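Before I ask anything, let me first share the structure, which is written out below as structure tokens.
Labels run A, B, C and D following the written order; every chain starts at residue 1.
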Amino acid sequence: MKNASATILYNKPLTSGYYKLGLGWKNKGVRPGHFVMLRVSGGSDPLLRRALGVYDVLRRGQGIELIYKVVGKGTTILSNMEKGECLDVLGPLGNGFKKLKTPEKLIMVAGGVGLAPFFMLAKEHAKHGAKFLMGLRTKAEAKILGDIKATGIKVLCSTDDGTLGTRGFVTDLLKKEVKKDSIVYACGPMGMLKSVAMVAKEAGACCYVSLEGAMACGIGVCLGCAVKTYGASHKPGDTTYNMVCTDGPVFNSEDILWDELG
Amino acid sequence: MKNASATILYNKPLTSGYYKLGLGWKNKGVRPGHFVMLRVSGGSDPLLRRALGVYDVLRRGQGIELIYKVVGKGTTILSNMEKGECLDVLGPLGNGFKKLKTPEKLIMVAGGVGLAPFFMLAKEHAKHGAKFLMGLRTKAEAKILGDIKATGIKVLCSTDDGTLGTRGFVTDLLKKEVKKDSIVYACGPMGMLKSVAMVAKEAGACCYVSLEGAMACGIGVCLGCAVKTYGASHKPGDTTYNMVCTDGPVFNSEDILWDELG
Amino acid sequence: MSVNLGGGLRLSNPVLTASGTFGYGIEFAPFMKLNAIGGILTKGLSLLPREGNPAPRIVETPSGMLNSIGLANVGVDAFINEKLPKLKKYKTKVIANIFGETISEYTKVARKLESEKGVHALEVNISCPNVKKGGIGFGTDPREAAKVVRAVRKVTKKHMMVKLSPNVTDIKLMAKAVERAGADSISLINTIPGMVVDVNKRRPMLAMKMGGLSGPAIKPIAVRMVYEVSKVVSVPIIGIGGIMTARDALEFIIAGASAVQVGTANFVTPDASVKVVRGIEDYLMEEKIGSIKKLTGSIID
Amino acid sequence: MSVNLGGGLRLSNPVLTASGTFGYGIEFAPFMKLNAIGGILTKGLSLLPREGNPAPRIVETPSGMLNSIGLANVGVDAFINEKLPKLKKYKTKVIANIFGETISEYTKVARKLESEKGVHALEVNISCPNVKKGGIGFGTDPREAAKVVRAVRKVTKKHMMVKLSPNVTDIKLMAKAVERAGADSISLINTIPGMVVDVNKRRPMLAMKMGGLSGPAIKPIAVRMVYEVSKVVSVPIIGIGGIMTARDALEFIIAGASAVQVGTANFVTPDASVKVVRGIEDYLMEEKIGSIKKLTGSIID
């Protein structure tokens, strides 16, 4: 874990507001599900760093690659930065996804930019027969799937408008694919994660979700990114707060009090 | 007077932190001494616009050229902007220098980036025998004089370190050049302007100075850029505040209460 | 988009410009249609002209600025004779912001404006932090505030808006006091006292040492105060503080404001107020909300 | 660079880290030398562990942020048993920030810490705006504040720093009250209550509706309050509020602070506090100033 200045190697638009960002930032031990926090301005507007998942490790740990979607002030500034510019990167942060004993049972479920933590897993587990389910809004966005498809993993898509794959929600795909012994890893909008957790639960499958939460520090000190979880006993009364940045962002979906989430 | 988005035509470093900025910004009636206010950030840090004098009018009023020195947050951001980017420009603002009846008597005195309002005057009055006195820190900065020298106007330089022209202050040059019927126009740091005003006064010459002052609006409404001036009677008790942005930035040096200036 | 603030003041839309940030109105005619906004607050008017404070009077701060203008203004007479006539050709409402160092100065200024048809309402500034002798005492003590408001109430039949200072422990007490004393509406917030030090010179940046903080930096404080006040008064509230965009204005309206004032933003973007009007219109359309009234205080809390 | 704050507290330099922004200290060891700063303020400690408020707990604002963490902490016992031992190997001073919902809770926490050698001072937080029942009453009433301070004074021989809330009409009255009640030093400011509205959902952004504003946005207010307080008390003042750089810290020191606390900046740049230390050193050297003491309150006003 470190905070260090990184040089932008490339920062290229993919499609529909998605960008791919390469950073010269030495690292070791980065695992799928880890994230970093970027400082996108030298001034105080915006003040806080932005959290982005690590998409890939470059050049044997000499750099990292991220995928982001432009949604607000910080990501807009980021999208205007150019090759050669520098920015502060704090990381690697978070717990990451667990190492799998039965990777052939893995079903990854991603919504939009939620695919970020799965590229490394796809590379690793394509050969084991893991599956990748992706929810998109429309066919045009499918360009962000290029890398993942190239791993040879089995990819199934849903789109809101039916222009690619099944029309509807990615959870509809999951319903068909999930089995009792599946291991579901999910990342995407809160609403999607909640549905994924329910589908997995109904099927009796294990489910891990990568959560998002408003963050100030990323290192467990501001206590801002709290998420309500069940304590060890898992009884209704026994609840506590966990921090998305250090206890997560990956949680066992059974531990989350879903109704308490924004 | 208008506020309109302008495209950056070029933004090139000159020397020692000085930049030349070309803006596609239609205008008419811009005169020497006018200034504009640039919005260098879309966000709120920095919040306020930055004032820069108009250096030249481009392409028959299709654009303007400015010269600026990087001194702080706003000018640093500006220096990182690139050709093709847009920014809001408010102007032309201020009163500008008066039209001259006897341009052959004109002595322009500039300190550093204070040369900005004089290039247009130099172009116009080189042929009339006007003079241009310039105070620099060191020879390396002389590159910013290129355009003005090219007008053929008589240029005299002083440098702090003696590497070019006379060693010392530009006011030492002025002392030698100024006559009773001279018309002195000056722009530069406050300390320099004060000395220029004194030298001119001693010589019995007319002196107009272009002042700087912390500005929020540039259009006379915030009342922030006040400068204390003598009233019509010019008696010690009869003083008032003028606004640098609308009553100035060019003032008759006799009207200023110099001791009240920061 | 029209809004009835009661006491005879109806605005074509809920966007006003804040006192001291819009001159006497006419200065903005080159940049925008003055009729596109609900109304204009004048620079604070006093009985006699005031020169204001020594310079420097302003300094930038993170997402904000400090000012110590010192309530410089042409005086109420010159306003009536020289400024007001120029505003007559516009339909936008003119609200005169008034202040005094004594209660009798307040009432004298109010009386002079009473017969002016071109003045549609008064905003009583009990809160300016820049005048040593003046406003601040009224602005931070509910009883003193009530005295001023009652006195002005007696001499004006126009809509009387009362502008509060944020520089108090409990803004609700101030709001209740001025409501009881006869305010038709309450506007808040004025600037927050602040200071910047010039580290090189080891002096305050402002000649008067302190100034009033305005701009986006204070917005969360202002929204909170509007929300608090909306729970305890029944007169309309006008939200002020750091409004740069329509979304900022909507925060205030949803939190409880019937109208808003755009201040510092006028310096940054001269037609900021018009953009706020348009943005609110768009929002109402997109969200299918019939009127501003329905949005006011619609916060789910 | 060393600073004697009296009451037995001597710092190797005037830079501390603010409570609630530096965890229990040890979390920052990967990013900086903890010994490079004068001291560490712990997260606010209560008698029993506290879970804190529902999420969302933070939201960004222009040049600032709101938090409604709700004083979540491990409790004083767990602090002593689990956190404090890890800090023992560092030479930096450890100052325990304490709070309670009643006076007896304050004194109980203070008593538990009294015998801990690793705790070099207490900071009594009378000002946290996030606890409904708790701090705020003490923080905005001079008499209530004095009661808490006197009570803690009786049970501690350690240096007692008292932390003030800015949410008052006159900060000078609060400062004088806690000085008289036995404070060895006064730290200010805590956060300012604020609110952000989610315009799409028409809800407050924070689950608790309001939170405390921190960061550069509040710096001018904080500097002003430090300046005001420095004119009326004789105990040392510790400046807090929006310090991101050495120049920010120097503003506070020149205005009257003997030391400073770096808060929100720790989130943005984990080693911000060390950079502040170095920047102050450079400044003293360049300006040929022999000690921080000479700089404190050196403002030409």
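Heads up, the rule we're going with is that a contact is a pair of C-beta atoms (placed from the backbone, for glycine too) under 8 Å apart; a residue touches a chain by one contact, two chains touch by 3 or more.
Nothing here was measured: the structure is a model prediction, and the numbers come from that model.
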item: Co-neighbours of chain C and chain B - touch as defined; value: A, D
item: Interchain centroid distance [CA atoms averaged], chain C/chain D, Å; value: 34
item: Gap in Å, rounded to a whole number, between the CA centres of chain D and chain B; value: 46
item: Distance from chain B to chain A - Cα centre to Cα centre, in angstrom; value: 53
item: Centroid distance [mean C-alpha coordinates] between chain D and chain A, Å; value: 36
item: Shared-contact residues (touching 2 or more other chains) in chain C; value: 62-64, 215-217
item: Contacts with 2+ other chains: residues of chain B; value: 43-46
item: Arrangement of touching chains [line / ring / star / complete / other]; value: complete
item: Interfacial residue positions of chain A with respect to chain D in the complex; value: 1-3, 39, 44-49, 88, 90, 213-228, 240-241, 260-262
item: Complex interface listing, chain A residues touching chain C; value: 43-45
item: Chain D residues touching chain B - in the complex, by the definition given at the top; value: 62-63
item: Of all residues in chain C, those that touch chain B in their complex; value: 20-23, 27-28, 30-31, 43, 51-60, 62-65, 67, 69, 72, 207, 215-217, 244, 264, 266-271
item: Residues of chain C that touch chain D when the two form their complex; value: 61-64, 66, 140, 167-170, 192-197, 199, 201-204, 209-210, 213, 215-221, 223-224, 227, 242, 247, 250-251, 254-255, 283, 298-301
